[in-house]
Structure formats: structure tokens, C-alpha cells
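Before I ask anything, let me first share the structure, which is written out below as C-alpha cells.
Letters A, B, C, D and E mark the chains as written, and numbering starts fresh at 1 in each.
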Amino acid sequence: MIVDSAIYENGVRRDGQVQLEHAYDERRRPGKFVWIGLYEPTEEEFESLSREFELHPLAVEDAIEAHQRPKLEVYGEMLLLVLKTARYVDPTEVIELGEVVVFLGPDYVITVRHGEASSLHPVREALDADPERLRKGPGAVLHALLDLVVDDYQPAIEGLENDIDEVEEELFSGDRTNPAERIYRLQREVLGFRKATAPLVDPLERLASGHFEMIHPEIREYFRDVNDHLIRARDQLDAMRDLLAGSLQANLAQVGVRQNEDMRRISAWVAIIAVPTAIAGIYGMNFEHMPELRWELGYPAALLAMLVICAALYRYFKRVGWL
Amino acid sequence: MIVDSAIYENGVRRDGQVQLEHAYDERRRPGKFVWIGLYEPTEEEFESLSREFELHPLAVEDAIEAHQRPKLEVYGEMLLLVLKTARYVDPTEVIELGEVVVFLGPDYVITVRHGEASSLHPVREALDADPERLRKGPGAVLHALLDLVVDDYQPAIEGLENDIDEVEEELFSGDRTNPAERIYRLQREVLGFRKATAPLVDPLERLASGHFEMIHPEIREYFRDVNDHLIRARDQLDAMRDLLAGSLQANLAQVGVRQNEDMRRISAWVAIIAVPTAIAGIYGMNFEHMPELRWELGYPAALLAMLVICAALYRYFKRVGWL
Amino acid sequence: MIVDSAIYENGVRRDGQVQLEHAYDERRRPGKFVWIGLYEPTEEEFESLSREFELHPLAVEDAIEAHQRPKLEVYGEMLLLVLKTARYVDPTEVIELGEVVVFLGPDYVITVRHGEASSLHPVREALDADPERLRKGPGAVLHALLDLVVDDYQPAIEGLENDIDEVEEELFSGDRTNPAERIYRLQREVLGFRKATAPLVDPLERLASGHFEMIHPEIREYFRDVNDHLIRARDQLDAMRDLLAGSLQANLAQVGVRQNEDMRRISAWVAIIAVPTAIAGIYGMNFEHMPELRWELGYPAALLAMLVICAALYRYFKRVGWL
Amino acid sequence: MIVDSAIYENGVRRDGQVQLEHAYDERRRPGKFVWIGLYEPTEEEFESLSREFELHPLAVEDAIEAHQRPKLEVYGEMLLLVLKTARYVDPTEVIELGEVVVFLGPDYVITVRHGEASSLHPVREALDADPERLRKGPGAVLHALLDLVVDDYQPAIEGLENDIDEVEEELFSGDRTNPAERIYRLQREVLGFRKATAPLVDPLERLASGHFEMIHPEIREYFRDVNDHLIRARDQLDAMRDLLAGSLQANLAQVGVRQNEDMRRISAWVAIIAVPTAIAGIYGMNFEHMPELRWELGYPAALLAMLVICAALYRYFKRVGWL
Amino acid sequence: MIVDSAIYENGVRRDGQVQLEHAYDERRRPGKFVWIGLYEPTEEEFESLSREFELHPLAVEDAIEAHQRPKLEVYGEMLLLVLKTARYVDPTEVIELGEVVVFLGPDYVITVRHGEASSLHPVREALDADPERLRKGPGAVLHALLDLVVDDYQPAIEGLENDIDEVEEELFSGDRTNPAERIYRLQREVLGFRKATAPLVDPLERLASGHFEMIHPEIREYFRDVNDHLIRARDQLDAMRDLLAGSLQANLAQVGVRQNEDMRRISAWVAIIAVPTAIAGIYGMNFEHMPELRWELGYPAALLAMLVICAALYRYFKRVGWL
């Protein structure tokens, strides 16, 4: 599905949408480029584009099928960049990953979006309002896009960090819950997120070090800045992974300690109930000569003794922390 | 065993099978090459081939004995590539590995297959129908083969991922099973699969960067694409390995927690049965002066007391979650 | 907020504070440079500076927003260095991280400080008293600053090491505490601190190997010295991380051993109380022919037997270490 | 001790043993080289050799004292190679390591063997029967030796793999054994074996890439083949290490699960025996008005009730898997 | 404190100690160099030296303050090497680390020792007796020193290995001890020792590859030999670290298994004592019609039954290994 297509001349957008065929004609003139945005296109929808822009069949395949890993590839004078977008979904505590594929040529940008994770509309709007940047050509679009995508990693990471904080609190609270499942699921999210972001570091470095002609030299420093944010995100994910591994270990200790506490509590109650049983057993013996049995107050005295001993044990166990 | 042998002229297959001797004569003419497919050949079956194509004895040894690690080697103007094929066998949850050895010369391809994992027949069929590709020479065969083999990794990985999902569900369900063995066995499969795939990344990179004459320049980009899929497979296997390590840890916590739950349940029942025993003990004492013993309703009252206390305890333990 | 601004001429500070505008005029003369110190500036406060010194907008952004990772970047003939300061806060056992951003040009240094972690005032004072060093230009300021920041890591590391020593003692003392939470929190501090320091090693190496014109060649060796301290800090943090991982493991064993000890103690008491109960049960049987029941001393003998057996068991359990 | 010494002329061995002095004279003639084999020589035994071949004192020291790590060193036009031989000793499940030191010059090979692990005699025999190979000079001897040593790793690795399979079976069988010690000891063997083999990969690569004059160019490819086997061995050892780490973890879960099973079984029996005790307690009460006590069939009915309840409980526990 | 200072002329020591001033004059003549040894010098003691030899202030600082990490630095034509000496202290099972700083110039060696770990006296004595080596200049002293220091690592490592062997035995013996603390402390020693040795590998490689003029070319090979020993030490420490991590894990299993054994033993005794209690309870019931109660031999028969059942249970539990 074609979402938006426009011709930019000296950084200024020509009014409204343009027909693809029209775009094809115009783009070759100096100072002009087209930007075509698609959403989960079918092979048929893509055909005209790939013919016009002479896209490499392998690149087209990457754009139509999602589930690529992030990468940067050069086909002749075209760049192909595959990115993952990320969005934190709070109720289920998962990172929803989307995919953006960008074809970058000297006079065109084609962006293909998969999944709902993040719309590219804000990028388009921001750029349309900044002809200064757009004048630097399609590379400016690529940077704006990368900037949005990588900046969007931060709230997702913060969502995970928040979850980790909650898990930590749960872990060391007295609530006796077992956050093993939650820790494990967070670990899975962190691993998945890392896999979606870390492979992008190297492509961004190549963009920043700038050996690509279609990218205006002044924009290169901006790619370095984006990469900086990306590396920070990766480092944060690495630290999270280590923390979660540690918290799984700590959880084991918590589980063990709690079991111990329960065992003590149970044992204390067993001891408390065992004593009257033993006393009752003694006075249940059938010896003929048991003077206490004949005492008028023998029975209440025995009951009292049971009570006193139980109370004393109870206080003792309270004091040593078993109850 | 020779499975198939054919002569290709300008990308078109000569009808039917050809005799080896015939193939030897023809291949040297420009625009022609032979493709000979073997299945677990014996040393004798291989002799004629190795004489005709002047195969290096070490390369021949690699082709006849299976259990090599994936590798790419150059002997003069011949390339030797060893690949592992993988197939997921669902009932036993194992990855069955096979082996394909490819000899690639300027005018010949010899493919040697070991194990049942995957037939190369579909590659042959697809190529026979695409003279355009075959016209680029034996390198096209190599690419088609690698493409098939690496694409076949994906369903195997998905099989493992599915198993991991199942294990996760089992792990955190209330079913109180112990998936330690299953996790361990999956770990072994993942490690074994990784060992069979990861060493191939480097050879593929060398094929893609293209310093080999017998590979047509236009095919190089396709090797890069295959490598992309391979790296993705490797990354997935790495993430699985980490996940499985985490799930072994989580399983420990689950085992501990379950033990704790059992202990509580058991203890609750012990407490419930200890109380009537204690009461019975008290009224089993032989004091002469125990007024209750003489009451008409003493006995039913005692039974009632036991029942009430047991019921109260039962409700209490239900409420605090011990039962 | 501008904290301090001064003009240095041949390494000597001109008296008092100077107005920014005045500084702008003077700095260009040979042998002079300005040093402007800011604390958490707003974008507005920074505007005049960035105009005068032609600071790159990306660099300015880095200076205003905190939470960058340590890095060294080159913009034309300006260096941008982002550092993390660290301070150990004893009562809460956390590492408080601050941030210092340094802009270094041929005739200016701008230092921007975020967070309370450490004041740069001592650097300024020490340098003002050492014209010899300042004569080597802005690079000397950069070195003095790095030296202070990196030297400040050491007390923070020692604070953590002290905590680890305490945790170790707690772990292996007989106190039966569960330091899992403390170990985990220390792990988090160590990971966080490492993330703030380790990425600085590479920039410092680049400063030491000296390809930057604005840094006087004689100062380069000093950067190597600073880096040496930094690498030592990183190595210490790595060793701490490994130690803490080990102590989490050791803690698990301690928890298990303690549980075992409790179980033995409890069991010993259960055994001690079970014996008189059994004896009482025996003499509570209603057989007609039980000679002991008729003995005059039957009852005291039974009580004595109970006592003796309990005492013997008690001594036995004491001896084998269960009590 | 000199084990064997021979002169080879155009690849053919001169009959019988030769005197060292004689060997010294002959070797310098073109097409000839000597091969001297020693077994744990003393310093005195080595003196004549080191004088004649002008061996570097450090190299001599390495040859006389065992316990070196595998390495390749160049002294002038002499190569020194230190290898570890490995043999799996089944009854004790250990890898017995030996050491072979090879001095390789343009016209001599000196092999020094330490430990019993593997005799070099088969190499000598095989080479004596293959003048074609020997004609390529001392390098052919080096290759044959390396080939034998590295091929001998495979049965040792298979021995360990076999042990690991056994441990796995033990681990997940119902036998309730604790293979922790065995796993640990295997881990130690794997680590020790890896330390003995992995450092050899780099030297072999250097031999294969072939910058050493004393090695005939045609042999270089053979070194690559040996290295291939070595890398495979190293990868196998790495995978084993990972597997054993996983099995230690899985063992923990098994231990926990078994404890849980035991606890359930014990608890079930406690419950079964607690019920008759409670009933007996009830009918042991001394109330005057307990109608059941007067029933003719009261006693057998009570016994029956006990039996029935115990049987019901037994069946119940069987069904839920606690017994 | 100056420990020893001497002038060497053509490798021969001038008799006795020399005054520093005297040494300063003489050293510049060809074929001469001075070797000054210090022990924990104060800044004042060092002043004359640093003036005379024009030592870089940063290098002097490193020499006076201990607690540097091992490193090699070049200041003009002077080399600065920082080493760690190690000594195993058996009673406390710790590695005591000392520090040696070496300044190496074309005609001087200054050695500064910190800590008691190892005296350099043996080096001095050995060299004084070997003018051949000393003739090669100060580099020979550096080699001799490194050789001693690195050789001293071996007994320390063996001390640790011995401890690990003891811990292993303790771990898998039936002694039911908990070596967690000992394992943890060994881990700390191994980590600390590794941190003191591993960073030296790189400097030694640089010394061996020989780009330093003040080191005689013939000595370079000797540095390679020292490095070999160092790498071996590092590898041993790495393997120890892995082994200790494994033994912490194995210890967890041992603790769990022991707990299980205790639980079984306890449970067996509970069962043994529960049976007579139940039987006694039955014959303690007050039914009027219990024929056994009237039997003459009822009581001894009941006692016998109890005894027989207890003995049978005891034998059963012995047989299944619970007792």
C-alpha cells in the first residue's frame, strides 16, 4: 500500500500527493528527489517501483518479506537499510518490534514499513517543515528516520527498566511471591530487543564514517550522533541482561530462605502441639500407683501445665524469630 | 553412488543422464560445464572422478568421510565447500544433521551428499528450469545449493523455537512437571546446531567478497544474501542458548517454590490431624476427677470440638493459601 | 548558570571574573585562552556561547541534556569530551554519578557540569596556582580535569570494595542472615559504574596517542597516566563483578546449609519428644496382664526411663552436632 | 634415551640405526636428512645433539623439561614445536597427556617424547614405507607427526563424549544418583584437554600459511588439513564444556525434584499412620458414655475403619503420584 | 632505602657498594652501567636519582606509590616496567603480592621493590656470577629479573592448585562439610592473582618482538621464553577460575543431596517410632470386647509385635539406604 509519495524540489515539498509515474519523470532533474512511503506492500504493488528504480531483486525481496535482521547493504549506487522499530506495550510487558526498510538512491527514498510499531508520519511532517535539511537530499530523510527510530528505543528501554525495578522490589519485599516467570520473560524481551538493535551499530558507523556518495557530508556527523544513542541503548540492554541474570540467582536464594522460614514456623507449631500430647500420654498410663491421678486438682493442674508450657514455647519461638 | 550427472551448455541441460566418460570430454568446451551428484560414495566410486578432475587427495578424503566441520578451502583453481544440512525431527525433538560437500571448478560441480537430512533434487529441478542463472556457470549451482541448505535451517530453528515455547509454558504452568531434562536436551540440540552452522559464516563472507575466479561477479551479491540468512540463524541460535540457560535457572526456582508449596500443604494436614489427637489424648488421661468424663454429652461434645477445630483450621489454611 | 569564567595569559589568570563578551574579544590573541565553567545551563544560557565559539548544534545538545555515555568527539578543530563523575554515598551504598562535558578549542575551554557528584573548583584552584602547566594551553585544563575525575573513581571503588568485604563477612559468619539483596544491589552499582567508566578508556587512548593539535605534545604522556588509572579502575570493577557473582552462588550454598542445620535441629527435638510419647502409649494399653502396672514403683520408673532416654538422646544429638 | 636415529637419502632410509657421529657427517649432503628420536632425555644425553645442531639453549631447556604449553617458535632457521599427546584412560575417565617436542632444521628432525601417552613408532613406520613423502624433507616428518598426534585427539574426545552420554543418562534416569562429582571431574578433564590443544591452532595456521623455508610448499596444504581436525577437536571440547555446565545446573534441579518426591512419599506415609493413631486416641478416651465401646463388634469395627481409611489414603496417594 | 648499588664494567661488578655520586660519573663511559636497587623509597630518597637520570615525574610517581597495574611504558629512551611479585602464604591460603618497578636506560637499571613478597637478591647474585650475560647491558638485568618474578608465579599457582585439590576432596568426601567459603576465598585469590599477572603478557610481547634499542637483540628471545611461562601461568589461572566456578555449582548439589539424605534418615526414624505408638494406641482403646486384652500373653505379644515391626522397618530402611 502506498502511504505517501511526494516530490521535493530544493527541499520544498510539491503540494499534495503525486502519481508514481509523474514522480518518475521529475526526479531526475537536479535538486529534486522523490520520497515514496509504503506499508506492507505486496509483490505486485512493488513491481512498478522496482522497475523504475532498477532495484536489485534481492533488495526487493528483503523489503517485501519482513523478519530481516538490521543491516546496511550497497547495491551499485543504491543503499538498502533494514531497521527495527520498537514499542513497549505496558499491559503485557513486551517489546513490539516493527520493521522499516529504506532504499536510498541519489534522487529517491523509498521507505517500506512493516508492523504497527511506529508510524513514520512524524518524520515526514518534521522534514516538510524544514527545507534547510531536505535540501541536503535523500540522506537527510535517512537521518531523520534513523533518528526517530533510535530515539523510540529509549521509551521502550525505560519501560523495561521500570519493569526490572518492579521485579526487584517484588523480589526483596516480604511478599513471598516468586517472580521467576516475570524475570524470565523480561530476559526474553531484553534478548529479543538486543538482537533487533545491536546489529545496527556497525551500519551506522559506516554511515557516519561516510563513504557513501548519496549522503551529504554535513549529515555524516548526525549519523554519528544517532549511533551514539544506539550504542547507549545497546549498553543499557547489556546491563539489563546482566542484572536479570543476577536477579534470577537472587530469587533462588529468596526461595530457599522463605522455605527455611516456613519450615521453622511449621516446626514451632509442631513442637507446641507435641508437648500437651506427651503430657496427656503420661497421665493416660494405667499404672495402679500414680498419686497425681487421685488428686482432686490433678486434672486442672495437668491442663494448666499444658497451657503454661505451650505459652512458654510460643513466647520462646516468637523471640527467636521462628514464629 | 552417482545420483545424477548432466552437461549444461549455455545454461541448458542436455537431455537425460550422461555417462561420466562422455561428460569428461565435453566439459572443456567453452560455455559448458558438468554437474555430477553423488550420495555417500565409496572410495572406489570416487576414483574415476578424482583422476579426471585432478582432485586433491585431502579434498577427496573430506568428501568420502563425513563429520567434517563446515569450511571453504581453495586447492589451486578448485574450491571445496563443506556444508551441514539440518532437519528438525519433531517426535524426538532433535536436529538431524547431514553433510554436503561441493567441489567447484571452472567447468564442473561435484556435489556429495551424506545423511538423509535433505535431498538436493529440488535445487537441480529449479536450476534446470532457469537457464538464465545457469549460464553464469558452476557458481550459480553453488549459490542455489547454499540457498537451499541455509533456507532449510529456518524450519529447523522454528522447530526448536516451538519446543522452547512449549518448555516455557510447561515451566510456568501449574503442572508441577520438571522440564529439566527437556531443557537440557534442547540445549544440546542448539549447541550442536550452532556448531554446524556458525563456522560457515566466514566462508560465505569470503564467497560474497568475491576473490574467487570461478564465481561469476553477478552471483556474489547473492552469496551476501545467503550469509545474511545464515547470520540471522546463528543469532537466533545464540539467543536460544541464552534463553535456555535462563530457563534452567528459572526451573530451579520453580522446583524450590513447588517444594515449599508441598511442604506447606503437608504441614497443614499434619496440623489438622494433630489437634484431635491431642484432644483425644487429654480425655484419655486417667485422672479420677475429670468432670467432663461423666457428662452424658461429653463424648459427642468432644467429637464435635475436634470436628469444629479441624474445620476451622482447614478454612484458615485455605485462606492463607497453604491448602 | 555560569559558575566561573576567566582569561589566562601565558598561564596566568587575569584577576577576577570576566564578562563573556570581554572574553570573546581577548581570547584570539596568541598565548591567551578563556575558560568558562557552567553548571546545568539552559538552552538560553548556552546560546551566546555556542554562537561565539561556533559550537556544533549536536555538541551543544549533548552539553545541555545530561545522560550521555562517555565519549570523545571531534568537530572540526574542536574536541567534545563527555565524562562521568562518581561519588560513593555511604549510607545508601550507591554510586552517585554526575556528568562533565568539556568543549576544547585552540583558545578556549568550556566545562559544563551536571549533577552534584563533584565540583570542579579544586581543579581551577590547582591550575590557577600552576602557571607553568597552564602555559601549555587548554589541553592542560583538560588533563587536570580528567585527572581529578578519574582519581575520584578510586574512593568510590574503595567504598564498594568495603561493602563487598562486609558482605563477605556477613555471608560466612554464623549470623544466618541472607545478604542476597545487598549482593544484588552492589552488583547493580558495579554494573552501572562500569558502564560509566569503561567507555572512556578508548577516548583517553586516543588523547594519549596524540593526534589532536589543540593538545600540547608534552601533555600527552599525562593522558596515558590518567588512562592507566582508568584501566585499573575498570579492572577492579570487573573483578568485583566476578566476585559478586561468586558470592551470590556461595550464598545459595549457605542458605541450603542453614536449612539443613535447622532441619536437623528440629528433627532432634521431634525425636526427643517422640520417645516419652511412645513409652506412655505402651503403658496406656489396657491389657489385663501387664505386671509393671501393678508395681509400686512402676510409674516413677517409667518417668525415669523417659527422662533417661530423653537425656541420652539429647547428649547424642549434641555430640553429632545436630543440636 | 635415544630411541631411534636414521639417515634418509632421497626419502629412503639407510638400513638400521646409525651412530650419532655418523649422522652428523652425512646430513649436510643434499637430499639427505637425519631423524633422531629421543625419550625423556637427560641434559647429558642431549648435549652432543645441541652442540652438533647448534640448538638454542632455551629450545633445549624446553625439550628436556616437560610441562610446556603447545607452541611454535623460530630460532634462526630452526623451528621448535611443542605438542601435547592425549590418551583416554577408560577405567579412571581421565585424559592422560604426554608431550612431544620437535626440532626441525633444513636437514634434521629431532623428536623428543615425554610421558607414555603415545608412541611415535607408527609414524616412523608409515613414513619409512612412503619414500615419496619423505623426499619432501623434514617437513614431511613434522606433518606425519602432527597428523598422528591430532588424530589421536579424536578417540580421547570420543571417550569423554561417551562419559558425558553416560552422565546424561544417569542424570535423567530414575536412579536417584548424584552425578555431581562425575560431572565436575569430566569438566576438569575437558578444561585440561582444551588447554593442551587449543593453543596449537595458531601455530598450525602459521605452518599452513607457509612462511617457513624448511617446509616444502606441497606439504603446507596438509598442515591446513591437520589444523582443520584440530579446530574440530577444540570446538567439540568447547561444546562439551557448555554441556557439562548445563548438566551441573540440570543436576541441581534433579536433586531438588528428588527431594520433593521423597518429602511427598514420606508425608504420605506419615498421613497413613496418623489416621489409625487418631482413631485409637478417640476410642482411648475415658468418657463414661461412649456407646461404641459397649458394642460387641465395636473393636473389630474400629480396626476395620482404620484399615479402610489407611487403604483409601494409600490408593489416593498412589493416584496423585505421591507414593 | 638504597639496598644495593654497583657499577658493572664489561659485565664485571666493581667491588663493593658505590656511592651514588660516583656511580653517576662513571656510568657514561662505554661498556659500563650502574644498577641501583631500592626498597620502598621515600620521595626524598628518590630525588637525587630522578635528577641525575632525568626520570619523568610520572614514572617517579609510579615508583614511589605502589598499587600500580603491571605495565610497560616508554619515556624517551627510558623504559619503565611495573611488575607484580607473588608469594603463596600457606597457613592463610592467600597470594601475597609485591611490586617491582624497573627503570631501564642505556647505561642504568634502577629497581624499586615494594612489599615483602620476594627479594631480588638472588637475581643480583646470579648475574654477578655471569659476566657473559651482563656484558649485554642493562637489558640482561631486566630479563633476569622478569625471569625470577615470573618463575616465582609457578609455586604460588601450585599452592592454589593444591588448595583446589583439597577443596575437591572435601567437596566429594562423605564429610558433609560445606566448603563454600573456602571456594569463594580461593576464587578471590585467583581473580586477584590473574589481575596482577595477565596485563604483563602484552608488555612482554613487546619486549620480545624487540623494538627497544636499550635491549640487546640476543636477549629478545629470552623475553619470549619468559612470556611463554607467563602465558602458561595465565592459562592455569583461567582454568582454575572455571574449575572453582564449577565447584561452587557442584557444592550446591552436594548440599542438596546431603539435605535429602538427612531428611530420609530422619523420616526413617520417625516411621520406626510411629509404629509402636500406633499399636499402643490401638490397645489403649477402651472397647469392652477386645479379646486380646484378656489373653495372658497379650502384653508380651504386643511388645514383641512392636519390636519385630521396628526391627523389620530398620532392616528395610538400611537396605534401601535411608539409614
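Operating definition for what follows: a contact is a pair of C-beta atoms (placed from the backbone, for glycine too) under 8 Å apart; a residue touches a chain by one contact, two chains touch by 3 or more.
The structure displayed is predicted, hence computed values, not measured ones.
Student: Could you tell me the least number of steps, going only between chains that touch, from subunit A to subunit E?
Tutor: Between subunit A and subunit E, the shortest chain-hopping route counts 2.
Student: Is the contact between copies subunit D and subunit E built from the same residues on both sides or from different ones, judged by whether over half of the numbers are shared?
Tutor: Under half shared, hence different.
Student: Taking the mean of the CA coordinates per chain, how far is subunit A from subunit B in Å?
Tutor: The computed centroid separation for subunit A versus subunit B comes out at 26 Å.
Student: Distance from the CA centroid of subunit B to that of subunit C, rounded to the nearest Å?
Tutor: Inter-chain centre distance comes to 42 Å.
Student: Two-or-more-chain contact residues of subunit D, please, as numbers and ranges.
Tutor: Residue numbers touching two or more other chains: 249, 252, 256, 259, 263, 270, 277, 281, 284-286, 290.
Student: Going by the touch rule set out above, what shape does the chain contact graph take here: line, ring, star, complete or other?
Tutor: Topology of touching chains reads as a ring, each chain with two neighbours.
Student: Quick one: what's the order of chains around the ring if we set off from subunit A and go to subunit C first?
Tutor: A, C, E, D, B
Student: Under the touch definition given earlier, write down the residues of subunit B that touch subunit D in their complex.
Tutor: Listed in rising order, the residues of subunit B that touch subunit D are 56, 58, 61, 68-69, 71, 73, 75, 178, 180-181, 183-184, 187-188, 191-192, 195, 199, 241, 244-245, 248-249, 251-252, 255-256, 258-259, 262-263, 266, 269-270, 273, 276-277, 280-281, 283-286, 290, 292-299, 302-303, 306.
Student: What residues of subunit B sit close enough to touch subunit A in their complex?
Tutor: 168, 171-172, 221-222, 224-225, 228, 231-232, 235-236, 239, 242-243, 246-247, 249-250, 252-254, 256-257, 259-260, 263-264, 267, 270-271, 274-275, 277-278, 281-282, 284-290
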